[in-house]
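In the two complexes that follow, subunit A is the common piece, with subunit B as its partner first and subunit C second.
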Partner chain A sequence: MSDFLQSYGFLIVTLIQAGLLGLSLYFPLMAGQLSLASPGFYALGGYVAAIMLTNPAFAGLRDTLGNGIFPLTWLAAGLLCALAGVIVGVPALRLRGIYLALATIAFVEILRVVSLNLSITGGAIGIFGIPQAFGFQDRWQYLLIFGPLLALVLAFTYMLQKSRVGRAFRAIREDELAADAMGVPPTQYKVLAFVIGAVIAGIVGSMSAPFLNTWNAKQGTFDASIAILAFVLIGGSRSMWGPVVGGALLTAVPELLRFLQDWRLVINGLVLVIASLYLPQGIVGALAKLRKSPPPARPPIAPAPDAKGGTL
Partner chain B sequence: MTAAVPQPTSRTVLEARNMTRRFGGLIAVNDVSFDVREGEIFGLIGPNGAGKTTLFNLMTGLTPPSSGTLMYEGRPVLGLAPHRVAALGMSRTFQNIRLFKALSALENVKIAQHTRTHAGLWRGIFGANRAEEAQVERRAWELLDLVGLSDRAGEEAGNFSYGDQRRLEIARALATEPRVLLLDEPAAGMNTSEKGSLTAFIREVRDKFDLTVMVIEHHVPLVMNLCDRVAVLNFGQLIAMGDPASVQRDPKVIEAYLGGE
Partner chain C sequence: MELSSFVQNLMNGLAIGSVYAIFALGYTLVFSILGIINFAHGAVFTLGAYFTYTLVVGQFENNGLLKGINLFPDGSPFSGSAVMFGLATILGACAAGAVAVLIERLAFRPMRSRGADPLLALVSSLGVALVIVNLIQLLVGAEIYNFPSDAYGEVRPALSFKIGEKIVIIRTVQLIIFAVSLVMLAVLGYVIGRTKVGKALRAVAESPSTASLLGISVDRFILITFFLSGFLGGLAGTLVGTAFGVAGPYFGVVYGLKGLAVIVLGGLGSIPGAVAGGLVIGLAEAFVPAEYSAYKDAVAFALLFVILLVRPQGLLGRNLIQKV
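Up next, the complex of A and B:
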């Protein structure tokens, strides 16, 4: 078991990381908003953690808290990304479709250029020598924080989807104007979906900075935006399992095909093309079609106060 | 010119005064004033392009007005966002059906209960919304029963026939718990037998939910049977208003529909 973790632990952590970033993009998509801002918030969250863990200004805090500093970096990254999400989201979400995508790419680029030029972010060199989380000796031990985070985000997503807020997201995705006319305020929920995505990406970033040991402006780029979008499109954008499956697959395939050397990127490209041609709903979407979902069960005429809802 | 505003015999629910909407040089709705009384079924007719749907869009916040006022129960409506109008108690259907097509019939009706429910993000995440969800579920099924679609609750709304989609839209509009229901061409796309039962259905809904109903409709027999009063729009202006029989005899109305000398 430990041999397996020694060999594949790093890869598995990377798969989970990809799935989480896919989920961060999936949230705005639930409300019909194509945002490519995830790498920006991921980079931001990483910088927050890297600065808190290495900057002399936080030395006192680190000494006082010991390992407690790590959860604090997650919290700080989440809060800062929520704030940044509101600041970016409110004006950007006035745009629709491809224009929103372009605006969010601009946000990622602005953050990248700013971080290249600030001294607190280490300029072009970035921040290095970030201490390992909780004194982890091996990379696979990061499964102990990324695994629970994935489980938590999936549980959060599952509960959200069947709640009133989830219905509001879907209504906006289907027809924003009709949703508005039926009492769902679109702007409020679009910003909420965007902010949830930002917080997830930021926390993933704050956990990734110690994992990668170094953090620089290459962490949040346009390439990453497209890669994360591919996770969601290949996996499926209509189910929370889509981004997880897509993220894991698109991260694993190039690694597992390493023996093919340079050809592996060709295979990776082929997977993308074939999947988008033959699985327009994504892998999970195609699988879901095979399984007919049962008709919703009607609740009893006079249900008890704690009666379960239908299947939705 | 604007027709004189009649003295309402019972309580006035909607009070439109000088409502105007210009699109560039076109005056789609021109200085329209009318009162709608509580509980009545108020018809809005007129030739194509007369401004009927634009008037509905103004009333429900989808199109901002150029000028004028609309009071609902003494509160101003014009200028409010659509979801605020829905929260006030005015709901509508659309001429070109705007259901959430990829979602199930049941979910369409659940979504529209948004303004009458309160569970926020965290109550949903921690499952502290059980009682409210059960209520939403129950109401959604009741409304589907009302429009005869409960045995197809799980089907995607987009797969329904036109007639069924129109009925589902009415169920969805009712889910917002309105006091005023605005129906934009409810009979369009319905077959003859569906049209025949629509009059009784709209009356039943009005009585059951204590509604005031405004309806845009082209199908003349339906308007004549259904409406207590009818207003006629032509080129954005109100040219006649009154009981269906007298409006039908009005020379100005005949001229609007058939063309003058």
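Up next, the complex of A and C:
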């Protein structure tokens, strides 16, 4: 068992991390909002933890609290990301669809460039020598904090979906105007969904900084945004299990493809294309369909959706 | 600011801005027809530069599977004269256009015919971008390849003139980029505004189903759109590669992202908007003071964020109407 954890512990933690980031994007999507901001909040949370754990300004706090500093970094990262989520979310959520997605990409990019240039974030080099959480000796021990976080977030998601708030999210996703007319204030709920996602991503970041030992501007990039979107869409965007399954699988695929050596990343790209073509409902959606009897065939949808912005 | 440095910044801004513009036009054309953003466009940009380099130099001597293969052992016919270099550029752009057509056939069309979530197009086009970028890396390595300085024959590398006491230097490449972009914009404007093909394209953009009822083959015009988009992307890639070197498989990524800022700034799906957006962002970057130059890459996104909040439809976009 310990051999297994020795060899695969790191990978398993990475899979859980991916699942959690997928869930952080799933929340805004639950309310029908396509936000790609998760890597930004993930990076922000990581920086909060990295700074609190290495910066001389916090030396006194670290000495007094001992290992208690780690839960405090999670709390600080969560709170700061909630604040940032409100600041970014309130104006950005007036936008919809692709516009919101692009605004959140802008947020991630601005954050990246700023963190590349500030001295407190270590500039281009980043922050080094972040101490291991709770003096963990081995990477697999991070399962002890990431595992419970995943369980907690899943339980929270499950309960939220059954609650009034979850129903409000769904109502907004199906039809924002109708939801508004029925007395569900869309803006508040959209910001709430966005902030929940931000907090989850931030906490994951704050746990990941000690896990990775170092933190730099490469942690929150545009590529990560799309990778996380792929977790959710390929896993299945209509069920809370989708992001978890998608995150774990898509993170495992490059590892499983290691035997392909140099061709690995090429094939990884192909996997994304093929999965989008053949699993349009996501893996969880496809499994759910298998269990139910197939619905009557729908006529093919016209080549282009009506909701687009342009004239030539 | 002194007049000379103002003129210098202005020229730099116009040159890079016009590249942004023609690159972003590729995004906008596809968006206006299909309502999706093709994230593989940045990779097509990169490919364009590599195709042209292949024609002009014929070999990649540093790394990758193609190392040691020389297409033109006796020297490339496309090197050494400005006309032939221009021809290579056009051929490279055409090859990039062909790749874009291939992308539409293999990644986008099957998804449309299945009625998949349009969001999935983002993932699938990113998958295509990953494939292209990593194939380039596999074939020719991640090294920077610079066009040899004699590739375009006897052309002066720079023009300089005096304003007052100060000397302003304009690289010939910048002038060429600016001129080529203007020509491209004029041609595109003519094709879309005045020709039958353009009319059909506009009809498809307005409503694909109505266009097909009127006897326009929608799928064919979607292919034409992708070809134009890839051509413009590949051309922009070659222009940037000529000015700054073909900087590895990832060098299109930055342009891919900035292109997004450009089209949103100008108005998604609007051709004049893409041009205006490109020039605004190019100029804004050029006028960032030297002491803040590290933040230059954030300028485009800051503008994007502000415009989305103030005027979400972009500078020249159509009003967004919320339908019930």
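Quick note on the criterion: the second predicted complex is superposed on the first by the 291 of 312 C-alpha atoms of A that agree within 3 Å, B and C clash if a C-alpha of one lies under 4 Å from a C-alpha of the other, contacts with A are read in each partner's own complex, and residues count from 1 in each chain.
Convention: a contact is a pair of C-beta atoms (placed from the backbone, for glycine too) under 8 Å apart; a residue touches a chain by one contact, two chains touch by 3 or more.
Being a predicted model, the structure only gives us computed values, none of them experimental.
Chemist: Is A:Gly129 contacted by the first partner subunit B, the second partner subunit C, both or neither?
Modeler: A:Gly129 contacts neither subunit B nor subunit C.
Chemist: Just subunit B (first), just subunit C (second), both, or neither: which does A:Leu177 touch?
Modeler: A:Leu177: touches subunit B and subunit C.
Chemist: Looking at the overlay, what does A:Ile234 touch: subunit B (first), subunit C (second), both, or neither?
Modeler: It touches subunit C, and subunit B stays clear.
Chemist: Touching A:Glu109 in the superposition: subunit B (first), subunit C (second), both, neither?
Modeler: Once the two structures are laid over each other on A, A:Glu109 reaches subunit C alone.
Chemist: Could you let me know whether more residues of subunit A are touched by subunit B or by subunit C?
Modeler: C
Chemist: Have a look at where A:Leu34 lands relative to subunit B and subunit C in the superposition and call it first, second, both or neither.
Modeler: Only subunit C is touched by A:Leu34; subunit B is not.
Chemist: Looking at the overlay, does A:Ala168 come into contact with subunit B only (first), subunit C only (second), both, or neither?
Modeler: First partner only.
Chemist: Could you say whether A:Pro91 touches subunit B, subunit C, both of them, or neither, answering first, second, both or neither?
Modeler: So A:Pro91 only meets subunit C here.
Chemist: Once chain A of both complexes is superposed, is A:Pro56 in touch with subunit B (first), subunit C (second), both, or neither?
Modeler: Neither subunit B nor subunit C is touched by A:Pro56.
Chemist: Give one of first, second, both or neither to describe whether A:Leu270 is in contact with subunit B, with subunit C, with both, or with none.
Modeler: second
Chemist: Taking the two structures together, which residues of subunit A meet both subunit B and subunit C?
Modeler: 177, 298, 303, 305, 307-310, 312
Chemist: Name, in rising order, each residue of subunit A that touches subunit C in their complex.
Modeler: 34, 91-92, 94-95, 98-99, 101-103, 105-107, 109-110, 113-114, 116-117, 177, 222-223, 226, 229-230, 233-234, 237, 262-263, 265-266, 268-273, 275-277, 280, 298, 300-305, 307-312
Chemist: Considering the complex alone, what residue numbers of subunit A touch subunit B?
Modeler: Within the complex, subunit A contacts subunit B at residues 156, 159-160, 162-168, 170-171, 174-175, 177-186, 192, 293-296, 298-299, 303, 305-310, 312.
Chemist: Give every residue of subunit C touching subunit A within the complex, in rising order.
Modeler: So the residues of subunit C touching subunit A come out as 28-29, 31-35, 37, 39, 106-107, 110-124, 126-132, 134-135, 137-138, 192, 198, 201-202, 205-206, 208-209, 218-219, 222, 253, 257, 260-261, 264, 267-271, 294-295, 297-298, 301-302, 304-305, 308-309, 312-313, 317-318, 320, 322-324.
Chemist: Any idea which subunit B residues touch subunit A in the complex?
Modeler: Going through subunit B, the ones touching subunit A are 60-62, 81-83, 85-87, 91-92, 94, 98-104, 106-107, 110-112, 114-117, 119-121, 123-127, 129-134, 136-138, 141, 150, 153-154, 172-173, 175-176.
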